[in-house]
Amino acid sequence: MIPRIVIEKRLKEFLEEDLSIGDVTSAFIPERKSKANIVVKEPGTVAGIEVVKILFDLMDVSVADSVTDGSMVKKNQVVMNVEGSSGNILMAERTALNILGRMSGIATVTKGMVEKARRVNPSIRIAATRKTTPGFRIFEKMAAVIGGADSHRFFTGDAVLIKNNHLLLIGSVKKALQLAKSTSFIRKIEIEVRSLNEAIEAAEECVDVIMFDNMSPDMIRAVMDRIEELGLGKNILFEASGGIKPENVEEYARTGVDIISSGYITHSARMLNVSLYLV
Amino acid sequence: MIPRIVIEKRLKEFLEEDLSIGDVTSAFIPERKSKANIVVKEPGTVAGIEVVKILFDLMDVSVADSVTDGSMVKKNQVVMNVEGSSGNILMAERTALNILGRMSGIATVTKGMVEKARRVNPSIRIAATRKTTPGFRIFEKMAAVIGGADSHRFFTGDAVLIKNNHLLLIGSVKKALQLAKSTSFIRKIEIEVRSLNEAIEAAEECVDVIMFDNMSPDMIRAVMDRIEELGLGKNILFEASGGIKPENVEEYARTGVDIISSGYITHSARMLNVSLYLV
Amino acid sequence: MIPRIVIEKRLKEFLEEDLSIGDVTSAFIPERKSKANIVVKEPGTVAGIEVVKILFDLMDVSVADSVTDGSMVKKNQVVMNVEGSSGNILMAERTALNILGRMSGIATVTKGMVEKARRVNPSIRIAATRKTTPGFRIFEKMAAVIGGADSHRFFTGDAVLIKNNHLLLIGSVKKALQLAKSTSFIRKIEIEVRSLNEAIEAAEECVDVIMFDNMSPDMIRAVMDRIEELGLGKNILFEASGGIKPENVEEYARTGVDIISSGYITHSARMLNVSLYLV
Amino acid sequence: MIPRIVIEKRLKEFLEEDLSIGDVTSAFIPERKSKANIVVKEPGTVAGIEVVKILFDLMDVSVADSVTDGSMVKKNQVVMNVEGSSGNILMAERTALNILGRMSGIATVTKGMVEKARRVNPSIRIAATRKTTPGFRIFEKMAAVIGGADSHRFFTGDAVLIKNNHLLLIGSVKKALQLAKSTSFIRKIEIEVRSLNEAIEAAEECVDVIMFDNMSPDMIRAVMDRIEELGLGKNILFEASGGIKPENVEEYARTGVDIISSGYITHSARMLNVSLYLV
Amino acid sequence: MIPRIVIEKRLKEFLEEDLSIGDVTSAFIPERKSKANIVVKEPGTVAGIEVVKILFDLMDVSVADSVTDGSMVKKNQVVMNVEGSSGNILMAERTALNILGRMSGIATVTKGMVEKARRVNPSIRIAATRKTTPGFRIFEKMAAVIGGADSHRFFTGDAVLIKNNHLLLIGSVKKALQLAKSTSFIRKIEIEVRSLNEAIEAAEECVDVIMFDNMSPDMIRAVMDRIEELGLGKNILFEASGGIKPENVEEYARTGVDIISSGYITHSARMLNVSLYLV
Amino acid sequence: MIPRIVIEKRLKEFLEEDLSIGDVTSAFIPERKSKANIVVKEPGTVAGIEVVKILFDLMDVSVADSVTDGSMVKKNQVVMNVEGSSGNILMAERTALNILGRMSGIATVTKGMVEKARRVNPSIRIAATRKTTPGFRIFEKMAAVIGGADSHRFFTGDAVLIKNNHLLLIGSVKKALQLAKSTSFIRKIEIEVRSLNEAIEAAEECVDVIMFDNMSPDMIRAVMDRIEELGLGKNILFEASGGIKPENVEEYARTGVDIISSGYITHSARMLNVSLYLV
């Protein structure tokens, strides 16, 4: 979905970030046509393959073969074979591995969360947040999607999301939602609530998504039941958020919410261990 | 050390990455002059304060007070007070928190590693690697330095580092080092070795730094002893690398190496939990 | 809503587009501190005032006074007084006038359409399209909003909009909407329909917005009536589109649609006549 | 004349302006190799073909066939056939149509003006002004040239043009022209005059172009006659400017001026109606 | 004449070229408020003062005092006093000196050429060429102007200049000039000639400038005399070009040409020796 | 060593600097497929061939044949044959020649210095400084390397270099070096000394490189002898700097220093005379 010209622009910046005006080690090594394998050193879900293909293309290295994004891989599995001048392969190496490692780390954690949650609530969506690394968001969101998550908002402009800080400035849920609707019809309106009353007020205003912020699973269920009793929830999606991680995701999924948004999958995923070997 | 114009350029890109052409939620909220606190929700070492000050400055928000980079903070400690138009504060919020959270996460892990290692080897350096998030490296390196680490190479051009892939292309340690010296006198030369013989060959060529790659602490000690016996190690620094983490850092530190380089502090640090509250 | 750093970046490009590396006429004219007025030469709705203030600020020219965006102005009304070095005023002149003239032209046409439509349907929205001038979209959308319109989508990423070309590729309205829903919950889904059957199919899938593409007002009314009879339209917005202009906007507004989208307000608005005079 | 690298840079910005980080509609539609036609929905003079070819090339869409820039086309005429992945065609669509529509709109109006003027004064030039849309000038100037106009100044650096505001700062036509000549010999010098006396003063200083600003055709003729009587006009070009449009262009052309500059062709041209259809 | 935003953009690039992401030496030196002098170590004409003021401003260093651009200075004369943080002064140092040194070197050589030439032909202009250093042209042209020269063309778009390679493609001087005139009336037309016949042909077509390319002074005089005899030269400027340097500039000036263009002043000027001292 | 994407980015800026939005002369000349030769008009060492190949590639001109970088060429030798559209060749011409001419000028001077110095001290290195033209440094450093020199520091971040201004801020050589070592182990540390005592102090701190700044050859030899007597110089490199040029380079080389750094090769080299001829 992300146009190639957008990805290329960022990849050029990433290469410059690593290489600056050149690699003093590759500089003195006799160039020769080489092959290399990229190997994943631990099991996981691979993400970043399509991105790294573009990266190697920018460095005139050709990709002979590769697994597809989203593949589950085993320890020491080769995920990509490349071919080109040794200097170019080695100049692209670290950036390629950083992209693959970070994206695969996120996809792996995400997939785990999604599977756990869906076992108890098959139609639930795990959604990424904006708690991403500055400069690398589009790749982290992409990785989350490859891992089975919903991208949620990329930008603050993708949907209205009224948070506690906004409510503080406006005064009431009702007023906030009425203002929100007056701006544009084209974006969904989501609101973060912290109590039953706020949730009801939001539902009465026909908000698109209600996010339960840092509520316990029991509390969430109680609020959802009450809204149903009042006949208010028909076209509203419910989202749980705040401190949800692999350990407690099933509990939240069981509440019956439509969406669980999880900062965890981006802010706490570590890099998958990936290496490149000349062969 | 990083010039403000360089930081500003990247911060503008980060803001655009989050805001694109604007925040549709802040858009309809009545502007007013507000104050806000940034609070750390868990104990740790704070990093990113100076960067975030520049960020708020770019958004016309003034920073009234803040802790200094490197401060150890307690759970729920306020680390910064800001003041400005509510819209600008909320537009800067997520980017500010992402920077502070990521950098503090790295600084916190780093500080832990440094302290553990220095307890057994007081002059040792923990060094960051290039296993960073593309687009965010300078901030991750900065965070590692704030946490007490050495920055090691920012770019591939900062020093010669001959790795296994390079050796494969050249054939021998000796030949690699002779070539390296012929390029320029101005940069240090480091080489990754995997055996006693390679280490001795490197020491004979008066390399600046020998990196023991994925060797056990015992093996490292044996190699260092042998090099000392041969009277070869005088001006050479020794660096251990590969899979070193909080759990085993002391063991490696005890070998007497000068440097431990650790991908862990950047690739496995999670974000510190930080929030912003309008007050 | 658009952050100042985003606007500044574009304004710098606009200034370079006009000045390249300098103005050979201002070059030889003795600099002196001057004042100037910007005058609108024909009645209209002014838009671009806030943008042009930033422009003059970039050129070190201060704005002493100005009308507000959205003001209705009379022929020959002064809309802004500026003060600064004569060279800087004259270097900013053409870019300032091009921005003000284009934006005011759009705001003026938009306001006319909105007023006409609301006289017969007080809650209707006129919405801008993506038929804008490449490189200038954010300013054209802003002008439409100042004129009373809804911005509709800025980017193709703001909402799903399934058009005829997409339907051709997928085969059916139903399948298209099911696919759309599977991607992300966070964006609204709009679909362009060309017949009663397509409209019903879309309504059955609970689409967010149904756009009647190039249908006559009678046809639109008939379709809306039928959907209501079927009890399907409750949470759906209806939008009319295609060839709607000042001459026929009332007819379409009378159909009771919620939104009229109009390429006309951007693709057929001419520039308002604006001049700058040193005083 | 405009180098391809310059055009590509701007086209990439235009694509990003429309697509941001991606098109959420194209995202879920199954990719397939498709063909599409671009059709002009009303008669006119087509401009932008060469530009749009580069645009499609950037998106990996190939152009099978097209009319040439400047072609007169009939209602519903196909002007271009393209072929490529459906996703890429649809992502390029709006930007391609906005470029073609805007440029063809300008070319069409320009051609009309040129033909009208040349019927009464066969060697006259219609010239575009700098009253263009910020960010899109080079394409608007190109369109005017394709429509038969002279580009006049692209930048303020292309020629000296002394306007009323400059005269106000300097004091006299004579002084202004003497200063202008002292700067560089390489650019032409044009001056805007508002009276017979100013015109004579300018002619005496051997200016390159005299622009009659907002003068009536009768007045222009009178001034030109007087200058001829005085034997002063030999190497001077005469340009009429100010409020000239299709309705009065012949009157001005009949005065015998060499050039008519017309803001009208850029500031009042509307977009030609162009559509893209998958086939 | 060059807008400050244009200069700032380039200066930021120059600073990044020198500092990349920072100066490792300034990094460990205790910051303190310092003063520094910039001293010219050899006599010459200073250029670059206004540019360097902007540079220091970008680095938050204030300029207390300075000589003006174009000043003749003696050996060891202080040309600027600055004040600011020691780190910022030292980070700006090399870029500031490189700018001042290069620009002053060019201004010094230029002034020498201009004075020599004007002693024998008081109204002659020495003009710079496009033989400049890529990336630094606007500053080299500026330096030439400060030294008393005419800037000639900045870009290939500033005037038509038909050179031998162009003539080869077109076939004749006459045809080339007729084509040139058909493009736009707004730019001057200059042609390079290599024989009397070409010169006459050009004069007959009323070209604006005739450039004698690599002709001897005697030959130039002969051609000019002949053109005068034919009554053709009235509104034509004559320019000598090709291998003109301080040693032979008087000879060429004596021919009576209006302009001498000199690659020498940019391609053969060396840097003036300038240093910065903390005080 | 410099990645192609880095070079391409700069070359595009250079082309835009020369062409802006186009070449008005090439514009009216009938396009045709042409061949051209690039000829060096005076003997020298050619540098820039690989760079110019990329430049022509960006302009869709193919390079049929060329000499290699570093070749010694004779007067009037053809160094490159190109083929492509005449318009593209002529648009690339000036930028290509400016690059080749500047780089070859530097390579030629450098080669002369290197050969002179090596005749008396075969292992000596001549090193370039940062006294380069802003915007063009990477090409000037590259040219110096092609001419046989060492590149020395590209950026201020490549190595620590403590100069007199830094010493002034810190107070003593010893303190400066201890601080320098505390920052990072990865970069070499060089210090500028002005007396025997400073040199000894530096040697005692095991600095990597001692630079003798503006010392006479006799003085340099005396200092080196004394350091040797003290048994301190083993792993230290000695560099002479300050006013060294072709006339005195042998004298300095004879002192036995390891490196001579020379601003002369960049700040005083003139452009080699190079031309392009359509054939």
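Order as written gives the chain letters A, B, C, D, E and F; numbering starts at 1 within each chain.
Here is the rule we use: contacts are C-beta pairs under 8 Å (C-beta built on N, C-alpha and C of every residue); 3 or more make two chains touch, one makes a residue touch a chain.
Since we're looking at a predicted model, the values are computed, not measured.
Student: Among the remaining chains, which ones contact both chain B and chain D?
Tutor: Touching chain B as well as chain D, we find A, C, E, F.
Student: Test of understanding: which option in B-F, E-F or A-B shares over half of the contact pairs of D-E, residue numbers taken as the match?
Tutor: More than half of the contact pairs of D-E reappear in B-F.
Student: Of the other chains, whose C-alpha centre is the longest way from the centre of chain A?
Tutor: So the chain farthest away from chain A turns out to be E.
Student: Please identify the chain with the largest separation between its CA centroid and the CA centroid of chain D.
Tutor: When every chain centre is compared against chain D, the largest gap points to B.
Student: Between chain C and chain D, tell me the centre distance in angstrom, where each centre is the average of that chain's C-alpha atoms.
Tutor: 23
Student: Please tell me the distance, in whole Å, between the geometric centres of chain A and chain E computed from their C-alpha atoms.
Tutor: 53
Student: Mind checking the centre-to-centre distance between chain D and chain F? Centres are C-alpha means, answer in whole Å.
Tutor: Inter-chain centre distance comes to 46 Å.
Student: If a residue has to touch 2 or more other chains to count, which residues of chain F qualify?
Tutor: 19-24, 26-27, 91, 138, 154-155, 157, 159, 184, 187, in rising order.
Student: Which residues of chain C touch chain B in their complex?
Tutor: Residues of chain C touching chain B: 1-6, 9, 138, 154-155.
Student: Which residues of chain C touch chain E in the complex?
Tutor: Residue positions touching the partner: 12, 15-16, 19-24, 26-27, 58-60, 91.
Student: Please name which positions on chain A make contact with chain C in the complex.
Tutor: So the residues of chain A touching chain C come out as 125, 127, 150-154, 157-159, 184-188, 190, 206, 208-209, 235, 237, 258-259.
Student: Given the complex with chain C, which residues does chain D contribute to the contact?
Tutor: 10, 13-14, 17-30, 32, 34, 36, 86, 90-91, 93-95, 97-99, 101-102, 130-139, 154-157, 159-163, 165-166, 168-170, 176, 179-180, 182-184, 187, 263, 267-271, 276-278
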